[in-house]
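Residue numbering begins at 1 within each chain, and the chains themselves are lettered A, B, C, D, E and F in the order written.
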Amino acid sequence: MTDDGYQAFAAEREALNDLVLEHANLEIKRFFSLDSQVYREGALPARTKEILGLVASLVLRCDDCVSYHLGRCRDEGVSTPELVDALGLGLVVGGSITIPHLRRAMKTWMELMQGGD
Amino acid sequence: MTDDGYQAFAAEREALNDLVLEHANLEIKRFFSLDSQVYREGALPARTKEILGLVASLVLRCDDCVSYHLGRCRDEGVSTPELVDALGLGLVVGGSITIPHLRRAMKTWMELMQGGD
Amino acid sequence: MTDDGYQAFAAEREALNDLVLEHANLEIKRFFSLDSQVYREGALPARTKEILGLVASLVLRCDDCVSYHLGRCRDEGVSTPELVDALGLGLVVGGSITIPHLRRAMKTWMELMQGGD
Amino acid sequence: MTDDGYQAFAAEREALNDLVLEHANLEIKRFFSLDSQVYREGALPARTKEILGLVASLVLRCDDCVSYHLGRCRDEGVSTPELVDALGLGLVVGGSITIPHLRRAMKTWMELMQGGD
Amino acid sequence: MTDDGYQAFAAEREALNDLVLEHANLEIKRFFSLDSQVYREGALPARTKEILGLVASLVLRCDDCVSYHLGRCRDEGVSTPELVDALGLGLVVGGSITIPHLRRAMKTWMELMQGGD
Amino acid sequence: MTDDGYQAFAAEREALNDLVLEHANLEIKRFFSLDSQVYREGALPARTKEILGLVASLVLRCDDCVSYHLGRCRDEGVSTPELVDALGLGLVVGGSITIPHLRRAMKTWMELMQGGD
């Protein structure tokens, strides 16, 4: 994520997703569709799935993915203690190498909690 | 995990954890303790945390970690459709490179569902 | 891959893929379908795509994935010097941590070249 | 890659490579030499090798490496449909965690196709 | 690390660590404490441990972690030839995919050696 | 590493390295040579370099690489407390996902300390 905060990240993400889909082949389009489907309510609720997406993104150390799922966790009404619980679990699984991403995640979450969108 | 199934895996895991702790320094002991604490009920229920541990293990492609969390998911009463939902999400996040681990996870889960312990 | 060679690997892979698909949700089925589609001839020939799959598998250090793509490279008529070129490139990209996988890849390739199937 | 586009990236890459080689020991110098050699025409053509380098870089999620190989793919005359085919394959292998890198790759490729150098 | 150099990095790191610890649960606090303890003199001297932290950070490709350990290596009196030896070893283990991080590491080290703090 | 212990591992490693070098191109041969050179005494002593190789192997989660460097650490006279210190550091950097490798490392080290070769 850029230093310009969540809103700038979300705008660039959307613009570049449009660019990808404009030039994508069928397989890329299908993958993007699948990437939406797995977060929809199924046997597990959407809320749990966003927390799963967040922790997977943290242990794989992808700042953009973490930022995206933080926004979605906010939309799903995840509380700060729940979020901290999830991040702490990811930290122990992924080790100290995830700490820079944890730092940036906490900064983005605070921004989102303060009405940043 | 060895091909001898879940029970052999769990027995070897316990024996080797004992070996590690016998020779461990204070930091390793503290890490092992922390590794138990993050899965205990907190702001998130233990059941959700085990699913988080499972998906994190799948995307990081660790068979032993997947097997361990499958056993714990069974203990927490996770249903097969919930498990499949979680594995499908991990597959999309982590890509086809996780498929060999997904295959072995499904085999272990079926063993656990059939009373293997 | 087990030590029983390529044929045992391929048989177990097929049996476990069947198990996965028997219990899969729609997303997992779609992913498996997509995973076949991206290796079909498109703008790039299937042969090149299998070499791409092989090198991606080597740098991500997945023995089963390497074995699978070695079998497919053999089917597509990739020569040993071409294969060695691809593995050498993967070795330099992925570093010495890939060497154990390179060793097993070479063993499997030799088995495949000697008519093992 | 910085947000200043491909040209700024290429200039900084060259300046810092000079800095590394100025202070490098023999092993680092030999590695850098080897890193050039594996992309030269051998049993596989240089064009295929650049596509291999690109896909390996995408699945390992290295933006700078992706940008470098995009520039080389352009030099080798790789077409946009071929590039999209390669990126789609990498996306399926590496999963949704590669999407932020895919987005930036597409942006850089469009810049290169429009004469950015 | 941002392009503003080591000092800006160190300041932001400290500010965000404070933010993390302000909102952290007990597990995160314990992890942060453990993360300090493992670098203290034990059976291995602190100096060796910082070089270990540096090489682990390089092969795991974490710029912020590399920058932090470069600062600590400087504090522990690691010489440039020792540092180059460690980076060269990490390069061979981790492969060419680490080169962008090696480039930035060398830039930061030169800044630290010239009195940047 | 197979379950047959260090000696079986070392024998298979040597046999397969021979197979690789028999079929290798010039780049692979040069990489293997470089992979020996970086562990020779330089600005850092060989002993420190083997500990670096061990920790890098642990955080990258490569059992064969860990086993190899454990053998070399034994040759270089690394003590058990030093080894435990290094493993504990790697555990904190790499997280709980490294624990299965730590377990197997401890088993191999105990075998080596009891005269297994």
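Basically, a residue touches a chain if its C-beta (ideal position, glycine included) is under 8 Å from a C-beta of that chain, and two chains touch if they have at least 3 such contacts.
From a predicted model like this one, the values you see are computed outputs, not experimental measurements.
Trainee: Show me the overlap between the contact partners of subunit B and those of subunit E.
Mentor: For subunit B paired with subunit E, the chains in contact with each are A, C, D, F, in label order.
Trainee: Taking mean CA positions as centres, which chain lies farthest from subunit F?
Mentor: Max centre-to-centre separation from subunit F belongs to A.
Trainee: Of the other chains, whose C-alpha centre is the longest way from the centre of subunit E?
Mentor: That would be chain C.
Trainee: Looking at B-D and B-F, which one has the bigger number of contacting C-beta pairs?
Mentor: By the number of C-beta pairs in contact, the winner is B-F.
Trainee: Centroid of subunit C to centroid of subunit E, CA atoms only: how many Å?
Mentor: 36
Trainee: Indicate the whole-number Å distance between the mean C-alpha point of subunit D and the mean C-alpha point of subunit F.
Mentor: 31
Trainee: State, to the nearest whole Å, the distance from the C-alpha centre of subunit E to the C-alpha centre of subunit F.
Mentor: 23
Trainee: What parts of subunit D, by residue number, touch at least two of the other chains?
Mentor: 25, 27, 31, 34-35, 38, 42-43, 56-57, 59-60, 81, 84-85, 88-89, 91-94, 96-97
Trainee: Tell me, which parts of subunit D touch subunit B in their complex?
Mentor: 59, 91-98
Trainee: Which residues of subunit D touch subunit C in their complex?
Mentor: By the definition above, subunit D touches subunit C via 34-35, 38-39, 42-44, 48-49, 51-53, 55-57, 59-60, 79, 81-82, 84-86, 88-90, 92-94.
Trainee: Of all residues in subunit E, which touch subunit A in the complex?
Mentor: 2, 13, 16-17, 19-20, 23-25, 27-28, 31-32, 35, 56-57, 60, 62, 64-65
Trainee: For the complex, which residues does subunit D have touching subunit F?
Mentor: Subunit D reaches subunit F through residues 25-27, 30-31, 34, 37-38, 42-43.
Trainee: For the complex, which residues does subunit A have touching subunit E?
Mentor: It is residues 3, 61, 80-81, 84-85, 87-89, 91-92, 96-97, 99-100, 102-104, 106-107, 110 of subunit A that touch subunit E.
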